[in-house]
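Next come two complexes, and both contain chain A; in the first it sits with chain B, in the second with chain C.
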Partner chain A sequence: MWLTMKNKWLLMPVFIAGIILSFTAAMMFGVENYTVGQVFSSVFNYEAGDSVSQILYEIRLPRVFAAFLAGLMISIAGLIMQTVTHNDLSEPSILGINAGANFFIVIGALLIPTLSFVGMVIGGFIGGMLVGFIILFVTRFKSPIHLILAGAGISLFLYALTDFFVITNNLGQYVAFFTSGGAAGVSLGQIMIIAPFAFVVIGALYFLAKELDIFLVGDEMSASLGQKNALYQIISLVCAIMLASMSVAIVGNIVFLGLLVPHIVKMTVGYMHKYTILYTGLLGGSLFMLSDMVARMLNETPVNAVISMIGLPFFIYIIRQRGRQYA
Partner chain B sequence: MTSVKMEDVDLHIDKKRILNNINVELLSGKITTIIGPNGCGKSTMLKTISNILHADGGAVYINDLDIRQMKSKQLAQKVSILSQRNRLQYDLKVMDLVSFSRYPYLKRFQGLKPDDYKIIHWALEETGADQFKDRMMSELSGGQAQRVWISLLLAQGADVLLLDEPTTYLDIHHQLETLNIIQRLNRKTKQTVVMVLHDINQAIKYSDHIVVMNEGQVIKTGTSSEVLTNEVLNEVFNINGKIITDPVSGKPVLSDYELFCHTVGGSDVAYNEK
Partner chain C sequence: MRNPVKFMIIFTLLAAVMLATLFTGTYSLTFGDIMSLLTFSAADDVELVFYEFRMPRMLITIICGAALALSGLILQVLSRNPLADPGIIGVNAGSGFGVVLFIMFVSGTGTMNLYSLPLMSFTGGLLTVLIVFFLSFIGGRFNSNIFILIGIATAMGVTGFLYVFTSTFDDSQMTMLNRYLAGNIWGDSWAFVIAILPYIILVSVFVWMKINEMSMLNLEDENLSALGMNVNFEKIVLIICAALLSSVAVSVAGAISFIGLIAPHIARLLFPRNMKLIFAGTVGIGALLLSAADLAGKLLLAPAVIPAGIVVALIGGPYFIYLLMTARKV
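This part shows the complex of A and B:
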């Protein structure tokens, strides 16, 4: 299998090709379909007057970029959370990080109606961090079951609270978008704000690949190898929460992707982070571009519904396969 | 050669006293085995020496240096430990797993250098694990996996090896194979080995020095003939034993044993009440 392959970078061309193909497909298909020629001429030779160019360049391109970036961020966040919590089921939405980010963004928008996009991102980050550290202190990451229960509990509570504020303040329209998730309506400007931060954070995580690898041998062994477990756990978690909350700020709460993608990658190239971080990001970006495309083709079905159709069977598979060791 | 000394070490977990005023010096360059009943603090003692658990009274000294004053990587270059239950949550390639051993020597953001790989290959060859260095851990038998873990410890290059029940879950052939590897390496590299074993005869056969523990305290230390007495068997393990002297090695052998409570009528009731 791929797992015993000597040079795991050999898969990189496959992933790059995947990115290019899914980008092209995501640009071509949707409510209206266009040809490859139209896509490339509008992206590379944009003409202001042309209506096809306008739709492709000003509406679809930002949406596809947003999908790529969000898929990449949420998947890497999931990967890092799985590693540092020693838990195969960890993922931003399951741990309640997304709910925290979502709640703070809504509250922020409620208190400050003129809240800027950057303000929303910062609000989301604060919310994500709060939930992250509540869970850290409540469960100490000791038992996988506690972690999942705490995450689910906090998620339910925060979504209920969000709903309460939304209903009492008639914010329905605005917030429905966040909870159902979707890349529609993201501007290129917003992407330009997010992208540099995302790449700095991912770069930092990539520099920590060796430290993240050491987590794979378990807490005691890593301590005996001289790893400062708590320090790197917190640094990597903060990075993961930043990625997750930025993703919530542009596309809302995306489920399953952060679980699904890292597992596919780990089954393919193993667990070493110098490979998994990059492959997870690329695959997550591709998959989300495609899911968003399918959502558009199905009359703007919520993208979460599309992801769940693939994600749920996979989730059950993980529980059956990996859940045994927690019994 | 590295000396390990514990002075007045106390340790509590959830207000329960696990280690009670431990004073012990472990012979450098020799094999010391800790024996004692379940829950007497053997594993905790090893974890305290490697600073995975922190003593809340007293101190542990490595080469007369308090381990609390050492940086975590510096300590990892001096002391390595093989835990009792090394079940990997994730399936790793043998080579990748053993390469983690060099972590204490790497600066931040630094990768493995040719010298590190030389040491890793040497360690894999010493235990014979080089035959399956490209396989996944899940494909290995218990004995093979144990050789990989010992390679990891060797490549870590620490002078003190702490082995917590290195023979658990292995059949008798692989138990002896593992212990032979440990003994051979100790004779060759003069590392200080401290291990926990349950089999008293194996402890006698393979160690220069034996530490007997009970209820968080060190009861007795010394050579096997000094330590293995009927008094110790009665008090510590609650068993009666027949101790004979091996005519070849001159060491004591526990040739037969029986539960203490059966021979002394009525004490099994007292035992149950505990």
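This part shows the complex of A and C:
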């Protein structure tokens, strides 16, 4: 909150520089390390015959892009969910949205073994929507603790159901990826399918920035200001679920990122959505690129393990700081 | 319906499940075998299957089901929240972490013995709950909602974190971990029955002695203090009991959720207000649920075996959603 209204855009160059730095670092370090020169020459002057070029351009570049895109989508989804549910702890994996997407992707793969990537994304979206609306209708977002418990219980149930189908159909290898999460093996083609949709959805949310701001004063106040709460709540929730399920389709269930990033952004630039949406997306993207890099350096550890190490203490800190609203 | 009748029904069902568990499975026992067991003249292989495989497994499911249910009851009473469950607040994740450490460092080395896996998983579960518990004191007062929230976060974080070690696991080690996390009852021999039965009875008797405090805990903290109860102390004692019960159950039965959620709830529906009856009902229903789930897992898709934890979750999940929709006081 140390930035006044006027100079909030001043942070943008810092964020852009941060993205360029984390992109370069993510390209350089991993199981094999490369120099800055190798990274830039292979990205900008790609030579088909060169093996370094090939590894960097065809394996690492899509992975880094996927990490950026997924981090961006999941963080914005978290931000919107926090606003719409009036709950500081909301986030796609805590609310069970990711579990729903994950479950429907597995079911889709089971019913249609040749399921295409687009099919997976659509399946994930249906699953995420289903859970989102069960939670909306069951809890009405009234009691904060009720909401979080609902998400946790539904996740637990859906993961058990997923396990059931995995065990009865020997899908182990296929599913392990989604539950542990990671950006390995994403192709540039898949990113090209996701990216335009992601930017349309984020554009729509940006267009709704004012309405989202009004949510922050509480449902009763915003209704008395003349806002159609239910309408905007559903539109923005659908957008957030779309972002979350697309990220599940490319990197699996990522925990805590959607919680961590919006809070860091809110602490620096305040609550206005015209700033927070952009900053959250950029910071989420670069943080996820870096987490994925650390995961690669730690012998291909699932990236969730890396994020949990920062995310869990942060989550506990947030709960203890804002304890009164849950007590 | 009168209370003794309700208990009769619970125990008749439990007896039916016990008999069905003993007499069904891949090795089919004929009527003649059963008669010979009764007259102590059975063949060696029949005796082996009956006494060494089926009976200890059945007892383990009953003991662990009861322990998980009781642990859930304590958590629900303390948090005044009907949706609390040991699995949801991190016991399972913590024990899973213990199992990962076991596979990583102990399994296959010379120091390994029968009890090292349950001991490590027990320690993991217990430590997790205790850490969550001590983090939920704000300004010197225990806050049960904070406890649940931190528990949920810890369950998520520890589950994510435990995979940090799995990148070096081979297929068989990964299968072992996954079977554990799916709630596959693996500690099914007499050695485990003998190890955990006295322990669980001891803790349960202790909880029974605290039954009056438990039934008073639905009052406000201020009123209880005014009545002379040391509220923080009672809560600490009870929560340690809940942690002791659930982590030992999970350490031999695998990561099982929802028993601690459903059993106390059904018991409260059957026996409103009287905490002694709720206690007894919870224990009976918990034992019934887990043994029935294990039986169902064995029979539904035979010869394939579905882990009991998954069967419980398949029933518990919808029940949980139903509870969410009807819960008035959360």
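Just so it is clear, the second predicted complex is superposed on the first by the 323 of 327 C-alpha atoms of A that agree within 3 Å, B and C clash if a C-alpha of one lies under 4 Å from a C-alpha of the other, contacts with A are read in each partner's own complex, and residues count from 1 in each chain.
Quick note on the criterion: a contact is a pair of C-beta atoms (placed from the backbone, for glycine too) under 8 Å apart; a residue touches a chain by one contact, two chains touch by 3 or more.
Remember, it's a predicted structure, so these values are computed and weren't measured experimentally.
Room for both chain B and chain C is found when the two structures are superposed via chain A, with no clash between them. In the superposition on chain A, contact of A:Arg320 is made with chain C only, not with chain B.
One of chain B and chain C touches more residues of chain A, and that partner is C. When both complexes are overlaid on chain A, the residue A:Lys210 reaches chain B alone and has no touch with chain C.
After the chain A superposition, the centres of chain B and chain C are separated by 90° when viewed from the C-alpha centre of chain A, nearest 10. When the two structures are aligned on the shared chain, A:Ser224 is found in touch with chain B, with no touch to chain C.
By the touch criterion stated above, A:His86 is placed in contact with chain B alone, chain C being left untouched. Superposition on the common chain A brings chain B within a closest Cα-Cα distance of 12 Å of chain C. Residue overlap on chain A between the chain B contacts of one complex and the chain C contacts of the other is empty. By the touch criterion given at the top, residues 81, 83, 85, 87-88, 135, 138, 143, 145-146, 148-150, 152-158, 160-164, 166-168, 174, 178, 182, 257-258, 261, 301, 304, 306-307, 309-310, 313-314, 316-318, 320-321, 324-325, 327, 330 of chain C touch chain A in their complex.
Of all residues in chain B, only 47, 50-52, 71-77, 79-81, 83, 86, 88-93, 96-97, 100-101, 103-104, 106, 109, 111, 134-136, 156 touch chain A in the complex they form. Of all residues in chain A, those touching chain B in their complex are 3-4, 86, 207, 210, 213-214, 216-218, 220-221, 223-228, 266, 270-272, 325.
Residue ranges on chain A touching chain C, taken from their complex, read 89, 93-94, 134, 138-139, 143, 145-146, 148-150, 152-154, 156-158, 160-161, 163-164, 167-168, 172, 176, 180, 255-256, 298-302, 304-309, 311-312, 315-316, 319-320, 323, 326-327.
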